[in-house]
Structures are given as structure tokens and as C-alpha cells.
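Below are structures written as C-alpha cells.
Shared chain: chain A. Partners: chain B in the first complex, chain C in the second.
Coming up: the complex of A and B.
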């Protein structure tokens, strides 16, 4: 598929070796681990989740290591910027390390602020690993299905299913439009880029209005009366999965 | 050149390097695990009334006109797909607009809150932007604060009979800027500065993120106007359906 680049996580989730495990189990396992690592707020627990989740995703789920490393780098900009903001301090007097004075203001880094930022980064990566564990083992459609089982309002579930479906429809169109624009030098220079981007965005919106109309007509002619039935099946939870669950959280609790 | 000047130059080089090399700079989605637990819960709870209002409104719209559900789903998918578009950007990297300003003007802000939280959930799981525990905070800044401000700005400016396109530009750009201020406040509340407390920290976060967010707000404003011009000339009937 062409949009594998953009929707790569979705693509890998479908090919995960953990796909035959009950999605309800997976959602509960990963979110529980996520919440626990955040609540415990200890470096040891977070490091354990980073390592164990990498093992679960890469070794048990058979996701390529190179891809796992690539998704790990996605929030790097956010981390860099926000860590700078936490670590660097301003003050009127000279204190701390790496003092840089700009006229009357001193920019400095204090031991406490360094400590804080290291702690934040470790905790963030622990939680991030849990989220990636879920994202790379459970396709979106299964996650939505779990939400339906958890009794989220039907209209929200329908909206989510439809949005998920329409994303692929629109992505195909975007791809064609972008290729057509690029092949006509539509992105040469700032002025042209703005013009092209605006045009694509506009045409895409018009196109999606039209598609929504067509989809409605098609559904109505097939007897749509306000409820969309989706096929869903879920595997049973096996005994060893429950044992794994208990062991995993025992280790986590012992570490904190 | 003094020692300090050297430090400053090397620091700015690192900064430029980081921005030049990385492929994509995203809007300010607070990443997974960045906020402490109490903040995650608090921001989530704060979103609830808006989400409830949006939910009731969507139910009402859909009851009256079943087709709108599909239209709303398309808009949600559209907002998601916008982040895949190649965007002209000053730094040469691609950054993405949120599109919520325009959406708020077209559909009303409370509807955008519900669509926003779904799109943010999708972005977290499918694109790894943002996170699950920070979903509440991100929803509040991007799908509630921004759209509500955009909507307010648009309505007030229209009252004074200002040109529609100027209104759209102001609504979209100010909505983006407001989102960026709220996110800075959220981050600062979680990590107040040693010296000067929360407000000093707000200033720090705003200064750091200004690099990406201020150009982005202007770009979003311009693009919203371009899209709106197109919609007015090609989709008049659809816009009338939305009471635009």
C-alpha cells in the first residue's frame, strides 16, 4: 500500500504476532501498565516498562526493531523543547551551573532542574512504551470494538468507525492530488506551495462532502435506519495469558 | 569573542541543527507520560462538560438529519488527514495545522470538542502524536479552548461587519495561538520554575515553543482563508446546509 508510510503503525498492528490474543485483554493489559507506571512514578518501574514493553512488542509481537526505534524517535522534538524549558532557569542573581548572563538576567541550570528533567524523560518513555505496546499489537478497529463492549454511546462508536474508514478513503485522494501537484511543480517555492496546499485542502474538503453524500445514499438504499452493524470477533483469554498478567504486575509492584 | 558568546553561538547551532535535520515538527501535542497523574485527571474532568454538551448537540443534529453523521465523520477524517499533507513551512520541515478553527466556525465549537477528542485519540494510537493519559489535556487545549475562542472571535467580528475572510483569518490564527498559550500553561502548571514559580515557567514554555507555533498560527490563518474562498465558490449549497 502506498500510504504505508503515514499509516505505518496501523499496518504493523495488523501484522503483529499478538493479533490472535483477545483485544479486550490487550487493551486492559497495556492501559493498566500505562496507568501503573504513571502512578508509581518511579524510575525503576519506568525502566522496567521500557525494557519489558520493547521485549513484548519486538520479540513477542515480531515488530521490526528498526521500526520500533523509529516510532520511539517521534516525540523527540517535543522532549527536547520541553526539557530545555524545564531545565533552564532565569534569575537576577548568579546561581547554579552553566551561568550565562545576558545583561541583568542570568540563564542557568540547577542540579534540581536537571534531576527533574531526567526523571520526566524516563517516566515519559516508560509510559510511551506502554502506549506503543497497545498501538503496535491491536488494530484500531479492535480497539473501537473494545470501547463498544465497554458501553460507550453508540453514536460515538459509529462516528469512530466511520472516521477510521474515511481516513483511508481520503488518504488515497490526498496521495493522488499531491502526486499530481508535485509533477506539475506545484511545490516549487513558498508562494506556489501555499497556493497548492490551499487548493488541495479545499478540494479535499469538497471531495469529502461529496463522498459523505454518496456514502449516505448507498447506505440508505441498503436499508440504513440509524444503526450500523459491524462484524466483530474476539479470541478467548487463555490461562497462560492470565498468569502472564499476574506475574507482570507482581514484578511491577515489587519494583515500586 | 567572550566565553559566554561562544556558548551562546554553539547553543544556537545545536538548536538550528535539531530543527533543520528533523523531518517533522508537530503541533504541540503533549506526549504520553509527560504530565503527572493528578494533572491528567484534572484536565480530563475539565473536558467533560464540553464533551457532554457536544454529545447532546450531535445527538440532536443526527436525530433531525441522519446524513450529518456521515458529514461529521468525514470532517473528523479530514482533520486527521490534514496532518499528512505537505505543508509549506519556513524552516523547511513540515508542520501541520489543526483545522479546528475552520471547523468551529462551520460546525460550532461543542461539536468540534467531540470530534477533536476522537481525532486526538486516533493521532495518539495511529501516529504516536500525543498520548492516552494526556488525552484530556490535549483535548482541552486543542479541541475546546482553541475552537471556542475561534468561534467567539468570528462571531464578534462578524457583528461589526468586518469582511468575512478577515474574520476567518483572525479566528483561525488566534485559535491556534490560544491553543499554544493554553498548552504552555498546562506544561507550566505541571512543572513550575524554581525561581518565579508558575508564571516564569509559562514564559519559558511559551518562548521555547514560539519557534514552531507562531509561524504555524499565521500559516493556519492563511490556509483557512484559501480553503474558505474555495468553499464559498464551489460549495455554496453545502455551506447553507450548515447555516454558515
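Coming up: the complex of A and C.
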């Protein structure tokens, strides 16, 4: 079955070969790598992060390379747009490279701004690859469990659990509603499309209220008294994983 | 075992359940029949202590409060996506026992037992949103098994299931009824006729018939196929009414 977008990331997280490693370990490892690559502010460290995270996610996690490349491509447009803002400068006098004159204002790029832009791109990709490493190796439910262990406020944890669970239910409902609308030519023109979209949004809101009430009844029927608690066992951290952690960060420190 | 005395339930001044008096005995297989809006689901929600009712529910001769009802009576909801709130099968099944404030070892033992009983071992760590309708239904039943409920209520258990999964579910219901009291609300008359020992028919919030297969002689309910066949053949003695095609074959074709 072909999964798209968020569903695909969730699907790969469950099927990753790294799924049986302790979630707490993975959260700490990827978060530490993310923070270090940002704090070190070194192109070499960021480059190492990009390459090593790709290796961890694709080779060790056994995620398809084509999928990994596809998800990495998604934020490229945002990163490039932000980089343009850093690379391009404005001046009243002609200076720098690729000077374009717009009347009294000159648009140009300087060696320094190009250098800054490249550093920003590499840093952003380094940070991004850490986030994808975590997202593609650890299911959301395990990440929420770790947050509970780290004593995040209970209300946030419970909301995260419920939102994550009902995203799929509501996605399913939207898909069915959209199919039913399409089957009756609901998107045959701009006017009809706006009307159909509005109706789907309205019905989805009402449906989600009803679903929430029913779900609350179902929770109460199983003794819910204000705290959502599940039984889950996290895998133990193995010695080789600790060694890998130490080696990884030693390399990072040496490179910075 | 469970006794309902003058049970009423109103919603916005509209009486949904009216003067329900009912006794449920240990080990019974009961089919709760009635049209949409007859009050079957509302009755289940009251029996499970989710809705606040007027009247009394007694358990083993003592008045049962909400906590007692939730402990003794388990409810399998019609729509699995309403009942399932956790992200993986194991977490979902452990939700009920975790709420019972028992030790983690006991929660694990109950969860493991329910997973085994519903043959969900290979799904244990699976995300619930990737399961099929039949698998989700089994998870919902495992939810209740893990709570060790003595009475299990099934709200339209065959809804959303294909024939294969419906038959599988019937087998599960038969197995569960060996050591539990089961009440099933259903529109499937053939299934009810085949499976249940006792039939309760509801109409507009009241119980209008309660008994064995003789209730099908009343005008309150549609007739099962086998029942109609026996009527057409002019068989009058209800003891000679087969409850399944297999029984029919044994009784009438030697």
C-alpha cells in the first residue's frame, strides 16, 4: 500500500530496523546531535551530520533511499528562500558581485554573504537530517512515551496521544467525504469547489465533536478517571549502542 | 447476577429508556433486538455506568455503583475507531487494566492473556491505524477481556465486518460465553436466532418481549430465515425448530 506525506513518515517509522532500539536512547541521540551541530557552527560538523544521519536512517534503518531523498526535498524550497534573503544585499553604490541596478538601489551578493548562505544551508540540512533521523526511526507514540518519562506536563502528553490517534481517523473521514463529493461532481468548477470544501470542513468539525464525545464515553467505560495511562516496555540500551554514542560524539567534537 | 429495577433514562426531557426491569443470569447468551433508536445502545451505556440513570442496578443482590459496574460489565463499542484510543495494540489493551490501579505485573499479565486469547501476538507492537476492520474488532474485544469483565456487552458486533470476519466473531462469542455472560445487540436476526439462548426485544425505550425463541411469534420483530422455513413447513412444536443449517440437516435429513 502506498502511503503519502505524514502517513508515509509514520509508516516508515514503524517499519524501520531501528525501531527496536530504546526510544529514550534515540530521542537523546538525535536531539544531542541536532543541538551539537547547531551549537558547533562548523560546516564540517554539519556536513558530517548530514552524511552520518543519512547513513543511520537509510542503511542502518533500512529506509528506501528514494523515500529519504523525497522527504529531504520537501523543506529545500523553504531553506533556499531563506538563503536568498541572506545572500542578497542592497546598496546605494555599486559593490560586490552580480550587481543589478534598480534605479537608486543596487542589488548584489558579496563573498561574505555567499559564504554565510552556504553555512546556513549546510547547518539547516544538518539539523533537518537529525529531525528526519528521529522521525523515521521512532514512531510518534514512542516519542510521546519518552516525553512522559521526561516529566512533560500530563495535559500536553494526553493531548498529543489523542491528536496523534485521531489524525488518522479524521484523515480517513476526510478522504471518504472528498470521494463522496467528487463522485457527485462536487469539484466541477471554482464555485462548486469552494462550496464543497466549505461543507467538508463544516461536517468534519461536527463529526470530530461527535467522535470526541463518543471516544470519551468509550474511555469512561474502561474506567478512565482523568489520566490516560498505557503499559509499554522500552527496550534496554545495549553496550554497543553506548559505544556508538560515544564514538559518534567524539568524531563530532574532533571535527569542530 | 445483574438486576435492573425500574431503570429510566432521559435526555433533554425525552425519555430514552422507560421503566426497564430485567434480570441477567450467569452464563446466559442474550440477544438484544430492536430497531434503530429503540434504546439498545443507551441501555448498554447505562449497564456499563457511563450514563447516569434513574432506578437501580443490582449486582449479586447489592446495589452497584458506577465503579462496580465498570469493573463487572465490559462494553465493546459498535465502531472500533471510537473505542480504540491508544496508538499500538499492546498499549490499547493495557488501557483498561491500567485504570484499575493494579500492579504493572498484573497489567502485563492481563494484556498478554487478552492478546493470546484474541490471537493478536503478531500485532502486539503494530500501530492500530494500520489494522483492518476485523483486526480492530478483535483488539476491541481484547480490551474487554483484559478487564476480566464477567458480563460483556457487544453493541452491533457484526457491523462493518465481512462474512468471513463475522463468522470468526461468532466463534469468539461462543468461546467467550463459556465462562462469561454475553449480551449482544444486533439487527442480524439469523445470527441472533442461531447464537442466543434468550431474546430481549426493545421498542421505543421499553422491553416488549423477553424469552426464548417464542418471542419470534410476536409482531415486534422480523423473523429469521430458519424460523420462517419451519413455519412454512407447518411445524408447530418449537422444540423441533433447528437453530442452524447444520441442526436442520441433522433433524430433518437424518
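Basically, the second predicted complex is superposed on the first by the 248 of 256 C-alpha atoms of A that agree within 3 Å, B and C clash if a C-alpha of one lies under 4 Å from a C-alpha of the other, contacts with A are read in each partner's own complex, and residues count from 1 in each chain.
Note that contacts are C-beta pairs under 8 Å (C-beta built on N, C-alpha and C of every residue); 3 or more make two chains touch, one makes a residue touch a chain.
Predicted model only: the values in this text are computed from it and were never measured.
In the superposed arrangement, does A:140 touch chain B (first), chain C (second), both or neither?
In the superposed model, A:140 contacts both chain B and chain C.
Between chain B and chain C, which one contacts more residues of chain A in the superposed model?
B
Does the superposition put A:193 against chain B (first), chain C (second), both, or neither?
Only chain B; A:193 stays clear of chain C.
Which partner does A:14 contact after superposing on A: first (chain B), second (chain C), both, neither?
So A:14 only meets chain C here.
Is A:240 in contact with chain B, with chain C, with both, or with neither (first, second, both, neither)?
neither
Check the residue A:162 against both partner chains and state whether it touches chain B (first), chain C (second), both, or neither.
Both chain B and chain C are touched by A:162.
Contacts for A:215 in the overlay, against chain B (first) and chain C (second): which applies, first, second, both or neither?
both
Should A:151 be classified as contacting the first partner (chain B), the second (chain C), both, or neither?
After superposing on A, A:151 lies clear of both chain B and chain C.
Following superposition on chain A, which residues of chain A contact chain B and also contact chain C?
10, 140, 162, 164-165, 169, 211, 215, 219, 224
Over in the complex, which chain A residues touch chain B? Could you list them?
3, 6-7, 9-10, 31, 34-35, 37-39, 41, 71, 74-82, 84-86, 88-91, 98, 100-101, 110, 112-113, 116, 120, 123-128, 130-132, 134-135, 140, 143, 153, 155-156, 158-160, 162-167, 169-171, 174, 178, 187, 190, 193-195, 197-206, 208-209, 211-213, 215-216, 219, 224, 226
Where on chain B does chain A make contact in their complex?
Going by the criterion above, the answer is residues 4, 7-8, 18, 22, 25-26, 28-34, 36-37, 40, 55, 58-59, 62, 66-67, 69-78, 80-82, 84-88, 114-115, 118-119, 122, 124-129, 131-133, 187, 191, 193-196, 200-201, 204-205, 207-209, 211, 222-223, 226-227, 229-231, 234-235, 238.
Using the touch rule from the top, collect the residues of chain A that touch chain C in their complex.
Contact set of chain A toward chain C: 10-11, 14, 139-141, 144, 161-162, 164-165, 168-169, 172, 211, 214-215, 217-225, 228-232.
Going by the contact rule at the top, pick out the chain C residues touching chain A in the complex.
It is residues 45, 48-50, 67, 70-71, 74-75, 77, 79, 81-88, 90-92, 94-100, 104, 107-108, 111, 126-130, 143, 147 of chain C that touch chain A.
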